[in-house]
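The block underneath contains the structure these notes are about, expressed in structure tokens.
Each chain gets a letter, A, B, C and D, in the order it is written, and its residues are counted from 1.
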Amino acid sequence: MLIAGKVSWALITLVFSLAMLVVLYLASRKIYVPQIREHPGVHAITEAVGRAAEMGRPVSFSPGTSSLYDTKYAGDTAAALTLLGYVAKEAVKTGSKLIVGIAPPTVLPVAQAIVQTAYSLEGKSEEYVEGDTVRFYSPDQWGFASSYIGMMYRERVAANFLFGGHAAEALILAETGATVGAMQVAGSTNVYQLPMYVVACDYTLIGEDQLAAAAYLSPDPAQKGVIFGQDIAKLICVGLIVLGAILSTAGIKIIYQLLAS
Amino acid sequence: MAGVWRKIASVVLLVAPAIILFDFALKNPTLQSVATDLNNWAVVVGAFALGIGAYSLVLRHGRMISKRRPEWPYSIMLLLTMFTFIVTGLVTGSITSPQYNWIYTAIVMPVSSTLYGMNAFFIASASYRAFKAKSWEALVLLVAAIFLMLKNAPIGGVISPVLPQIGGIIWDFAGATGMRALLIGIGIGTLALGLRVIIGQEKTPLGGAE
Amino acid sequence: MIDAAMLSLLISTTLILAVYSILYRENPAFRIGEHLMVGATVGHAVVLAVFQIRDLAWRKLQSGIATGNIAGIAYVIPMFLGVFLYFQFTSKFRFLARVSIALMLAVGLSLSIRGLIFVNVIGQIQGALAPLTTLPNIAYLIGVVCALLYFVYERRASEATGPLPKIGRYVLMLTMGAYFANTIMGRLSIVIGTLTSLFVVPAWYLIPVAFLVICADALIRRKTPKSAKAG
Amino acid sequence: MMIFRELLSRNYKQIIYLALFLALAIPLVNPIGLPVPVQKTTMGVYNKIESLKPGDVAVVGSNIGAAIYAEVYPQYIAILEHLFRKEGVKVLLVGHGTEAPIWAEKALNEINAYGRKTYGADFVHLGYIAGEEAAVAGLCRDIHALLKVDYKGRPLTDLPMMKNIKSAKDFTIVMDFTASADSQYWLNQAYATYGTAVGFGLTAIKVPDAYAYYTAGQIFGILESLSGAAQYEVLIRRPGMAAQGMDAQSLAHLLYIALMVLCNAFVVMERRVKK
């Protein structure tokens, strides 16, 4: 029935999903509410928006150049959009001007809806300008990058958020943000761009940090539960690695074969 | 009507991933063709989305021109270029026609390669600003970067053949430890986020709860 | 006289210099480059999208109707879903875009999940199972475990592992430093390629012109300190 | 030192950018000729080609495109130059993708191939074959069944060299230049099936995958990006675009390291002043 080589995949996906769903259920029923530590970068998001409001300068946000149906960075884009929901809410609350730069056209309607909702929830619908608060730049990474850095210079942004799947334009965006003096928080699951963020930005949500932050900042606190599910999955991985390495030292390759099945 | 439509959306969120995930592990030709079609459907819907983007762009720059905002001449230039590309592409019927190729190589190619190459300049300014060894963590970052550069640039091996070897050790270690943990974490994190979206717990990436 | 190839070369060289001028400061030349680039890439994307809809949906629909193939006829669905996206701009029918977005997101997430679990999780665990007979292998095991424990967010679980997450953080920083430096060569070869294309006549003559403009601008700005500094 | 610091702190970005521009531009205009250490993998390619005897056949996988031009084209030129210097070695060019033959012709003209050797007797350009791995398999099985004409439409039967070259059994080596999966095709089809020696010229990103084959002894060598090309240029004593590029690379890397050291030196100095 199952394709050879995919048995371990099915098993691991199933076990991990179950762990996450069970913890999520327990948390939503308040049976077990895990204590999740806050990443300093998450706190910095709020701080950066507040700082921009004090300075009276805008906040810019990019949810990445990967589309909604990207085969590798779709999760990245989804996490970035969740974080956009949070940043938009904070920006509207503190009264800073928000500029969202969009590259993939598929993300545009979603971002428009998220930001517009954030404005109308605070009763500031008139401040949302169609086509201007959420700006479509270009689906091409370099067309997008040239517009985004031009915007950062001209608007003199005070806080810049780079989330989602960015490719080689990541450093260009981040370094320009640093040049205009913006406080920057970035995150990605693109492992080749993370080093650029670590070097150029004030705070970086490395890989899973960004995906967990999406759950951490969810308006529904029960959603934090899933993060503990992620921890369980990681601890299973640690167990497999340690056990597998010790066994293979003894010449037993059972874990490797299991994973290859 | 709106309620029913939203129900359909939840069903799509549950059924489409089920088909695509089961297709990965099960050998079933029907499942496979449905999964391929689903993928194509998403691409088709995505292609339509570009119209929204173009509309939004025309709206913004049209407003700039009509209200004579400071940057309005640039907006005219942008819209003209855009329509030139669209007309040339659709009239010649292909993006490989000589006319289309000419405008593409004259504008898009040089700007792309320039911006890509600009990374090298930004690496320089970032190196000067950000590699201050103010903490142990920053020191580790700095040392690893320096040894890797000495490994990659031919000059490192000329100064001393030991330098590239140290760089090589650091590179192997980084790939087998930090990178590995990062990749595993990303896999698990994506699964968790995906699950929450699929079962309808996370609505923001769909455009908010409304 | 100037022929098409020469004109193309002149335009592209001017654009290269215009875009590089952002390294000095934000200026009209860069803005021209920026707006041309956005117009060009969006126009290009529109052309591609039209062809994509034609080849991927319209042709399949046509042949589906001709042969009575249900899978082909079904391509009318994504075309409608695509049109529904445009109701985003109305307040009354905005909900219609919901299914289209759900479809794209569902496809993307499930494709990502299946690929990432298979390649990232299983592949990397397999890679970490080397026998502990050499010093590097032992170091790799300790390093990967510490780095993984850094990503444990539950407070008690994280505290129970003692100093290991902290070590994991150092391991990650080392990785970041190494990967940062390792991208440099590729980036440099791109800029070297661009510079090589600039260092041929007639493009060559434009470089001193650009430098003179920048120097003149720097002098003028020095005399009028009022202007805000962007660089 | 203090003046230096004053300048850097005021306008540091512009000055750094100017310094990098000079570090890149000077070696391009006026090559310095900084030494280049030669890697094992590059040496493997050199030794293999050096060992070719008259009558041996070298297949050159020509898959250059605009995307990989900067990294791979200099390698391609260097290898062709070396092959054309070897007396009696037959060269067969073939690639995937419509763009590939244009680059191949450009390279052949650059080394003056048509002036140095006879087309048809010493070298043949087959153009490109469509159909990914299946096409490579077909080529290895029977060239004459897959292709009837060369790149310019001349019948293969008219080319004297092609009389003795029928399948992968007649290939001595395959040197494939690529950034995509097709390196795998030659490994699967030529090496695994017919035992033909295979080597690669790759972009930096593809090297880690290929290195595993090298350590396993399945391929005879790899040219790694621009540095591989520069090393090869040194080996065949023909400094070209890669060697210049390498000078620029070396200087730029030194500048980056100097900047990192300098910013830390300033931090230390500031602390001293405060005390």
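Keep in mind that, in the parts below, contacts are C-beta pairs under 8 Å (C-beta built on N, C-alpha and C of every residue); 3 or more make two chains touch, one makes a residue touch a chain.
Being a predicted model, the structure only gives us computed values, none of them experimental.
> Centre-to-centre on C-alpha atoms, which chain is most distant from subunit A?
Taking each chain's C-alpha mean as its centre, the farthest from subunit A is D.
> Between subunit C and subunit D, what distance separates the C-alpha centroids? Give it in angstrom.
So the centroids are 26 Å from each other.
> Between subunit A and subunit D, tell me the centre distance in angstrom, where each centre is the average of that chain's C-alpha atoms.
38
> On a C-alpha centroid basis, what's the spacing between subunit A and subunit C, in Å?
Result: the chain centres lie 15 Å from each other.
> Which positions in subunit A touch two or more other chains at once?
Residues 6, 9, 13, 16, 67-69, 74-75, 77-78, 105-106, 109-110, 112-113, 130, 137, 139-140, 142-143, 146, 154, 168, 179, 191, 194, 196, 198-199, 206-208, 212, 227, 230, 234, 237.
> At least two partner chains per residue is the criterion; list those residues in subunit D.
Answer for subunit D, listing residues that touch two or more other chains: 13, 17, 24, 227, 249, 252-253, 256.
> Which subunit B residues sit where two or more other chains touch them?
Subunit B, residues with two or more chain partners: 21, 24, 39, 42-43, 45-46, 49-54, 57, 71, 108, 111, 115-116, 118-121, 123, 125, 127, 129, 131, 141-142, 145-146, 149, 152-153, 179, 182-186, 188, 190-191, 193-194, 197, 205-207, 210.
> Chain pairs that touch, all of them, please.
A-B, A-C, B-C, B-D, C-D
> Inside the complex, what are the residues of subunit B that reach subunit D?
It comes out as residues 120-121, 123-125, 127-129, 131-134, 142, 145-146, 149-150, 152-158, 161, 164.
> Could you please specify the touching residues of subunit A with respect to subunit B in the complex?
1-3, 6-7, 9-10, 13, 16-17, 20-21, 24, 67-69, 74-79, 81-82, 84-85, 102, 105-106, 108-110, 112-114, 117-118, 130-132, 134-137, 139-140, 142-143, 145-146, 154, 168-169, 171-172, 175-176, 178-179, 189, 191, 194, 196, 198-200, 206-208, 210-212, 214-215, 218, 220, 223, 226-227, 229-230, 233-234, 237
> Please output the residues of subunit A touching subunit C within their complex, sorted ascending.
Interface residues on the subunit A side: 6, 8-9, 12-13, 16, 34-37, 39, 67-75, 77-78, 105-106, 109-110, 112-113, 130, 137-140, 142-143, 146-147, 149-150, 153-154, 168, 179-180, 191-192, 194-196, 198-199, 206-209, 212, 227-228, 230-231, 234-235, 237-238, 240-242, 244-246, 248-249, 251, 253, 255-256, 259-260.
> Please give the residue numbers of subunit C that touch subunit A in the complex, ascending.
Of all residues in subunit C, those touching subunit A are 19, 22, 26, 30-31, 33-34, 37-38, 40-42, 44-45, 85, 88-89, 94, 97, 101, 104-105, 107-109, 111-118, 121-122, 125-126, 128-133, 137, 141, 144-145, 148-149, 151-158, 172-173, 176-177, 179-180, 183, 187, 230-231.
> Under the stated contact criterion, what part of subunit D meets subunit C in this complex?
Subunit D reaches subunit C through residues 11, 13-14, 17, 24-25, 28-29, 69-71, 204-205, 225-227, 241, 245, 248-249, 252-253, 256.
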